[in-house]
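Chain naming follows the written order as A, B, C and D, and within any one chain the residues start at number 1.
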Amino acid sequence: MKIAVIHGSTRLNGNTEYLTYQAIPKEKGTHIFLRDYNIEPIVDERHSEEGFPEVNDDHEKLIDLMLEHDVLVFSTPIYWYGMSGPLKTYIDRWSQIMRDPDYTHFRGELGKKKAYLIAVGGDHPKVKGLPLVQQFNYICQFYGMRFEDYVIGEARKPGEIRNDEAALKAAAQLIKELH
Amino acid sequence: MKIAVIHGSTRLNGNTEYLTYQAIPKEKGTHIFLRDYNIEPIVDERHSEEGFPEVNDDHEKLIDLMLEHDVLVFSTPIYWYGMSGPLKTYIDRWSQIMRDPDYTHFRGELGKKKAYLIAVGGDHPKVKGLPLVQQFNYICQFYGMRFEDYVIGEARKPGEIRNDEAALKAAAQLIKELH
Amino acid sequence: MKIAVIHGSTRLNGNTEYLTYQAIPKEKGTHIFLRDYNIEPIVDERHSEEGFPEVNDDHEKLIDLMLEHDVLVFSTPIYWYGMSGPLKTYIDRWSQIMRDPDYTHFRGELGKKKAYLIAVGGDHPKVKGLPLVQQFNYICQFYGMRFEDYVIGEARKPGEIRNDEAALKAAAQLIKELH
Amino acid sequence: MKIAVIHGSTRLNGNTEYLTYQAIPKEKGTHIFLRDYNIEPIVDERHSEEGFPEVNDDHEKLIDLMLEHDVLVFSTPIYWYGMSGPLKTYIDRWSQIMRDPDYTHFRGELGKKKAYLIAVGGDHPKVKGLPLVQQFNYICQFYGMRFEDYVIGEARKPGEIRNDEAALKAAAQLIKELH
């Protein structure tokens, strides 16, 4: 059972990262920081004759890495009541992957995986983060991925997540596969 | 009364664009297509000593343009049950603008504006697009912007939006300032 | 094709009723006003040895009537950001019906039907009514009922719904089976 | 600091009750079981000339009792993806209370209180219970009540809540005023 953690945070050592490590310690998962890679925004060519052009970036490499794992943990700060732009850009490009002849297995493979969401926000995230949870649930449903669980933490300034004891405890118990 | 339309679509002449023009004909608003500009993803430096570094892209120019208008229409295809990556990236960077000494008026200015949302999706968007509406509502609340109304269209393939008569009619009546 | 309208309103000739008649004129459907019947709240005895006791009220009669129709329209004023108590009480009792040996066909029969929702509220219902839409969607999903569409109207005082032109127009086109 | 717990469950010793006692032990709060009282459904007479008629039931008594407390915990099984009918009926009648000349202080008094929500459901409640959380948040907002926190438990058959360790732990830490 292999766990991949997709980090959407844009800040080093941020609150979201801290909470995520409570759930999946460094050595227990493959931690992928999207900020360390170049991922181009999608250009929707689903319906053009030529289809999607090849994009020269790191997206495919990350998709390959992700697919090697059984459990996917998506970790994101809540930016403007949604997932971070980098995580959204990463997921948007799945539309291209799904039409890539080399990835006809993509949807089916995701359907075998389990997913978790870890999100941290500063403005009433346990209520205002719920649309993100609902969106994430729809994404999982699309692929037939099992949305196992989620945790929402509250923090604004660096380090503040340490005060959200409930989130820390919940994170520490979040990943069923580690317990 | 000046209307700006922020288009998050990545495809030329797509369904979302079509629906949006039903609401705001070309000559009735300033149509800004984010895909025509270079907008870098945010790097959250809110809490670093140096603050945000200057970014050499088109974001500030678009912010200036947006602020000249009284009514803001956000138009986006629904990608993975949320706004498009380019639109999210554009909005994420508002966090940087808010900390820019040249834009201390940003939040206050947005608070005087009215906002509309136009979204088009292919997978039950009138239900699965609701988290996007809820997220958008929270964004408006943050700034004190009045979230006037929204319309959700259903379309998958190019041109299909023409079959969603209810959305077309609703769009044609959407913008109170035009009626 | 037969249409039943389940009215959850507690007021005669209210805004919700008015909007509902725009969608389904009196003579086009069987209009059932829950307020005219006696429906007892559920007492959850799903897990007691004796099971549910017989309840001497009108619930079964209304279930029988509802099941004779192909399209179900649920019409409710938005009370406290949800469906009205009488409508909730009516639906809560479905848990009892599902365990009634005389109604083993209940879930399957509902699964063949199409459902619509009409809701009217006074406090930003197009946003604050969305949890009700989402709840209703889950109810439909449970039964495999197809949730066709919904309309949300805004009105507070008697007659005010006549000012919500968008809702009136949307209602007039709502029921696909009538067009 | 006095805590009132409003129980919407219709079953004695059910899962919701069990989880609620983890949060507020019997002796730490005033536990009010709506099922033990007679509460009539609302008949909306907000706009009739005579206003609301007097209703001969236990509602006012429960309102008085509730108002004596500083913290309100609403505890409900999730019935059909919403609060239980009895709890909805109880809250619906607040519309009547607000127009009662003897309760002009009602809205203001609620605005001084803090609120919590405890909900238990059997069908993916951590996702499908979110509309209930959002609805509850709007109710709190209306009154200016501070919505402190919530916990959602998963259980179907009697006693099953004991397996939801995450919910039990979260409940045990839920009420800030007890820690």
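Quick notes on this structure:
Keep this in mind: contacts are C-beta pairs under 8 Å (C-beta built on N, C-alpha and C of every residue); 3 or more make two chains touch, one makes a residue touch a chain.
None of the values given here were measured: they were computed from a predicted structure.
Touch-path distance (fewest steps) from chain B to chain D is 2. Each of B-C and C-D has its own count of C-beta contacts, and the greater count is at C-D. Using the average of C-alpha coordinates as each chain's centre, A ends up farthest from chain C.
Remark: chain B and chain C have CA centroids separated by 34 Å (rounded to whole angstrom).
Chain C and chain D have CA centres that are 23 Å apart. For chain A, residues that reach two or more other chains under the stated contact definition are 130, 134. Viewed as a network of touching protein chains, the structure reduces to one closed ring of chains, two contacts apiece. Pairs of chains meeting the touch criterion are A-B, A-D, B-C, C-D. Contact residues on chain C toward chain D in their complex (touch as defined above): 9-11, 14, 35, 41-45, 47, 77, 79-86, 88-89, 91-92, 94-95, 123, 128, 130-132, 134-135, 138-139, 142, 157-158. Of all residues in chain D, only 126-127, 130, 133-134, 137, 147, 149-150, 165-166, 169-170, 173-174 touch chain A in the complex they form.
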